[in-house]
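One chain, chain A, appears in both complexes that follow, with chain B as partner in the first and chain C in the second.
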Partner chain A sequence: MPRNLWLERILWILAAPLLALALTVLVALPSGAPPLETLRILVLGGLGSMTKFGQVLTVFVPLMLCSAGLLIPFTARLWNIGIEGQVVLGAIFCTGTLMPVDQGGPWHIALALAAGMLGGALWALLAGVLKTWGRVHEIFSGLGLNFVAMGLTIWLIFGPWKRPGVASMSGTAPFDPSLWLDRMGRLASSWTALALACAGLALVAWLLLRTQWGLGLKAVGQNPKAARLFDLSPRRRMLQAFALCGALGGLAGAVQVLGVYHRLLPSISSGYGYTALLVGMMASFRILPVPFICFFFAVLNVGSIQLPLQLNLDSSLSGVIQGLMVLSVFITQGLRSWLIRRREGC
Partner chain B sequence: MKRFLVSLGLSALLLCPSMAMAKDLTIGLILVGPYNDKGYSQAQYEGGKYVEEKLPGAKLIYLDKVNPADRPGLTIPQVVDDLVEKGADLIIAGSDDMKDGIREAASLHPDKTFIHVSGDDVLTGKAPANLGNLFGRMEYGKMMAGFCAALTSKTGKVAYLGPLINEETRRLAASAFLGARYAWTEVLGKKAEDLQFKVSWIGFWFNIPGVTTDPTQVANSFFDGGYDVVISGIDTPEAVTVARQKRDQGRDAWAIPYDYALACEGQGPACIGVPYFNWGPSFLRQAKAVQDGAWKQDFEWNAPHWADINDHDASPVGFMAGEGLTAENKARLDAFVAGLGSHEINLFKGPLNFQDGTVFLKDGEKATDEQVWSLPQLLEGMEGQSSAK
Partner chain C sequence: MIVLNEISKRYGRVRANDSIGLTLEPGRIYALVGENGAGKSTLMRILAGHTVPDSGTITVHGQSHSRLTPALAASLGVGMLYQDPLDFPALQVWENFRLGGTSRTRAQVVDKLGELSNHLGVCFLPDEPIASMTVGERQLLELLRLLDLGATTLILDEPTTGITPEQKRNLFGLLTRLAREENHTVVLVTHKLSEALEMADAIFVMRQGRLTARLSTPCGEDELVRLMFGEAVERAGEIPAVASPGNRRLGLEAATFAGPKYHLGPLNLSAAPGEMIGLAGLDGSGQELFLRGLCGLDRLAEGSLLLDGRTFASNDFKTLHKAGVHFVPADRMSQALFPDLSIREHILLAFPGQAGRLEDFRREQCEERFNLRAHPDTPAKSLSGGNQQRLLLSLIPENAPLLLMEHPTRGLDAGSARQVWEHLRERCRTGATLFFFSPDLDEVMEHSHRVLVFYDRMLVADVPRAQATVETLGALMAGKNPEAWNAA
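Now for the complex of A and B:
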């Protein structure tokens, strides 16, 4: 009997990727893309060489930070959709910290990373306060704040932080290389960034699984009224959850500035906040699958340039595939629980 | 000794065929917009295709839409890594936006040759030894655009739909203004102060919804504000599309698109003409030099081929007249082009003042290349921002 159960579980886990594959084939066929070839090129495009692997890591780090961060508010059943704006604010605070200096060293970088975390946390607290005191649903406030963050970046780039004599969306003047994150040899990624992402994940795992605080947060998520009765101060916990998540998002933004673009530009977040929401959904907000999904999405993201380079396809197809995967997980999970309910009903 | 001679002969034999045949050369082209944008990027794409056609052994690989809005998370050094992996020997970066990225990539790949189109790292001394600059003297194309605009306008109000603000865009807008003023005063014999020339900037080379100002709206407001000719400085053809719509409503409206030789095609009398880049000849020269191992770092700023500015095999910059240009004005344009070519007409010649009234060129003084290249302000008589607020 247990063996059968295991088999069933494995089959269900396999069902999602298989369904995703089938859907991908369906989508790819009309656009004239050979489906299996497309997938092969996507995966090889991300893992085909060390250079590519380095690029995958540069996507993996901010995605991992955001996804790990999102797990915290979700434990309290909060959808921090404002993570995108928190990434942007992290980037803004980080850039602002380094603006006055021409050159620097590790201390400047550390300070800028901390400033990024502060920026993200403050922006998240705004959504948090609106939720806990203003009764504004965090999805609406978060989305609104994302737009505000975007507007703020554009204003800074066109206004106070413009390059001399220039008004261009291409961003602020790049920082001196002494203010960039280290590089892994010739690879695009950085050890510091990777270490930060791993530390972020470890911190979240420890907080949620091993501390009383995490348990309390879970209780707040499952029954806020009971949580209040048990003196778990749900408001404070919710705000803490927002701030922690925002700090991790802000850190991702700072890494984008210091390690990837070396300046502030309008789309500094690269949409990783939204992608992280997809990661969270696909993982059903459990910790274990998160790094793997992040890595896989990063591979797809980097491999997507190969579609126009090798197949003359638009690279947005990889985004479609990501979406189909999330959808497939939902469908198989829904189907499974429906079957279980039906079986129990009989 | 004998063995040595034999081996020498053998190796000579082995080496010969590879020396006689053209070496394979892969060109990696990085385009800022879509390869089929009927504008700036398509012009470069076709330049790359031209090299592929004319140079034996040449192969073109390209990636388009390389800008942070279309490809979030992608950086220029990453694109270059990919192109190098695909075998690129010569990498051409198309846009001013790629200046910092291509400099970084060039220093990471010192064994490859890099060309930054529209950049000036060689002038400023920031370029590593394997990075060159290339551009066409579009000033002349813009002067022709301004010239035709002023001749065509009935209201004497000419507008310039500007991209972002930097030295390049200031210099091009100013050139269009100088061409317009020349036509207005010297050809039509009207007073300079009766010509209105307004510049509005959208913030980037093309529309990025939510980030830039919408060029369609800007063009619309120009026409609604009495400007009957809009000269486009952006990479995409919104201005001429709007002009056509206005004409369909029975109004006088014309536009002058930019960048791409065939931009007037199918636009009817709304299109006066288009100043365009013809990258084929310059790309070919650079590619040949790399193939022969004779490439040298240079800041190349190429003037039109004056004998025939629309010679596809020779002229880096041209002006293609559209249906909107009358036969009379076409003849005036030809005379103007001849004058520019013979240097009888030099529009960057004093007295010229900057927008804030300070002196740019004293009476009779001619601007140097450097002065034109890095124009710090718009000129007196132009309306619009000279730099960010």
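Now for the complex of A and C:
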């Protein structure tokens, strides 16, 4: 590729963050926030110290598991918006597995992680079956199931799994420390969780790029009618995609339970499923940018905690910035393809 | 009078139109002929305002324009009738008729429609939904709508595809009247030379983006063919004889296929190895369901299906696919190929067992057998129609016993079409049985040992090659005297 084409490409890639920056300033100004100071606090709030970096990693792990999972159904052009509920179900299954146990070891933890994956996969299959056999669009069923999953958590916390004596929004009784995931020294994150997230992404990349199954899934996404003629069993493949994505989402939920909160909370998923959808959109569902965007979003998430403390701003600004980033990517991509079309004159 | 002057249009490196100049006079009928991809449609789209030319002028009534918009073209009296009528199947006749015009009440629209229909000798029920009408009727309605909008120059793109010979006669009669009595200009875009010779006062021939000739009729068909293709296209020879007509490759016994909208059957039928069987019928007459049922895409509700001595009580797609039944739909891009996947990936999907020697296998399949010379990483959507069909044919295993093809030459130029037929004949010579449908009766007659005619969702006749003429088949397709034939 000639040099000026490379240059053009790089400029286009830079255009998106610059646009996002400009939009963020526009949004921040009316609320009286100094834009550059806000950004500095966001970044330093996430990367300013090792403790904060550890927190970033605890956000990064579930986000990456969900984002990696979402790449699979998206290859078949399926929008698994139900990932949020699948995270929750993963947490529920994981908690349920450890409920009868007072103390345990690595085997219990492994079993609980597996149970979390199973829970997410089953919940995803529900949306999948509704899609393939019931002709219910996965966005509607997924969204509906998310609410059901939320309701289920709250019922469990206030009902069968309530703490002895008090039932409260603070969740179920914490597990014994022998059932917690390991820690990276004094950091909040865990090596096991990080390894699982990386393995999840590697598995997805291998499945989608290197296997016949991945190719078949891509084909199903491109043209389900033709996939039928090629005898690719589109329905079965779609269900498998849902199940795999759900399993990764469930794993994220289990990691939340075992590694972060050590119990089941009403908001155990922290909205990572929805954030992962943003990551996927921003990456245009390509694999390579996913870990970087996940990391960046994790920094924003953790950094935003400092906003109310230091600037008296609401922490939801980080969500605004994430949304603006995604919009900026869409705008620049749209602009670029529009210019290309115009240049070619059709 | 419309004068096109030095019109050019490029798409990337392709010159679709290369400084074309032509004059259209009122009261005359023109034919624009040329192979697929010769640039006919581009030129007509420029005239109708749907495509912006790179250079050149369009002069209408003495006023010169560098480009037209659809609205401007309509106000200048240019109306285009597309091959697939651009109407709205969910709406009723009168609603469709009103579209694009000034806002009028239902009564006004119905009056106007009645007046025009009466004048032109056609008949429409204002409340009939478009979805229940034939392509021919929809075309006429579209034509009436254009006339109502004030069109004086009518462009018809392949108007006779998918309509009966009788509807074609009506349409041509109507067009002749419009030109002779009302002084309209008619442009017929077609690849059927017989129609051009029959209808037109003058024939424009396009080839590779250029206007190569303007002929006044009458002129010789041979000359036209030479101008269109550069050399005379040799007709494919006589079709190969069926080696063992007594053998039974496929049998249907009281079989009923159930589609999403209707049933077809009970059918009783048998076909021998090597037989080429053409299906004739208007759109929606049942031939689509017949092919889809045979390959298992639509359900076999009753009866049984025999293939090479095996009896199938149900037509499971997977089982039949394994047994070598292959279906190629007419709409290749939307039903049979994956737009963004490459040639190589298509091969890998169709022959997973060859993954180890994919590149060699692809070369054998695509390049040596089919002369598909595109780069293996080319996505299917960038392939020409001919190459798409070559790719699809190369995805069918060599020894597949039963081929089901829906309009195998749709959208192909004469050269590619001939290659496709040579290939299909070769397959039949080596024992495959072919069922194919084509809306072009000439094609059906040329390549069939026998013709199955469908009418009104029934198989009405099984006509042997010797008796298959345009008159016979046309009458059967329109539902006339099927009793004379041994229907299944």
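Here, the second predicted complex is superposed on the first by the 344 of 346 C-alpha atoms of A that agree within 3 Å, B and C clash if a C-alpha of one lies under 4 Å from a C-alpha of the other, contacts with A are read in each partner's own complex, and residues count from 1 in each chain.
Definition applied: a contact is a pair of C-beta atoms (placed from the backbone, for glycine too) under 8 Å apart; a residue touches a chain by one contact, two chains touch by 3 or more.
Just so it is clear, the model here is predicted, and its values are computed rather than measured.
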item	value
Clash-or-fit label for the pair chain B, chain C on chain A	fit
Contacts of A:T51 with chain B and chain C, given as first, second, both or neither	first
Broader residue contact with chain A after superposition on the shared chain, chain B or chain C	B
Touching partner for A:A226 - first (chain B), second (chain C), both, neither	second
Cα-centre angle that chain B and chain C span when viewed from chain A, reported as a multiple of 10 degrees	140
Which superposed partner A:Q333 touches (first chain B, second chain C, both, neither)	neither
Touching partner for A:L265 - first (chain B), second (chain C), both, neither	first
Minimum Cα separation, chain C to chain B, after superposition on A (Å)	39
Chain B/chain C common contact set on chain A	none
Chain C - residues contacting chain A, complex	10-12, 52, 54, 297, 317-318, 321, 327, 329, 334-341, 345, 348-350, 352, 355
Residue ranges of chain B touching chain A (in the complex, touch as defined)	61, 63-64, 68-69, 71-75, 77-79, 81-82, 85-86, 96-97, 100, 108, 164-167, 201, 203-204, 208, 210-212, 376, 385, 387-389
Sites on chain A touched by chain C in the complex	212, 215-216, 218-219, 222-223, 225-233, 344-346
Interface residues, chain A side, partner chain B - complex	49, 51, 55, 58-59, 150, 154, 158-159, 162, 165-171, 174, 186, 188, 260-263, 265-272, 301, 305-306, 308-309, 315
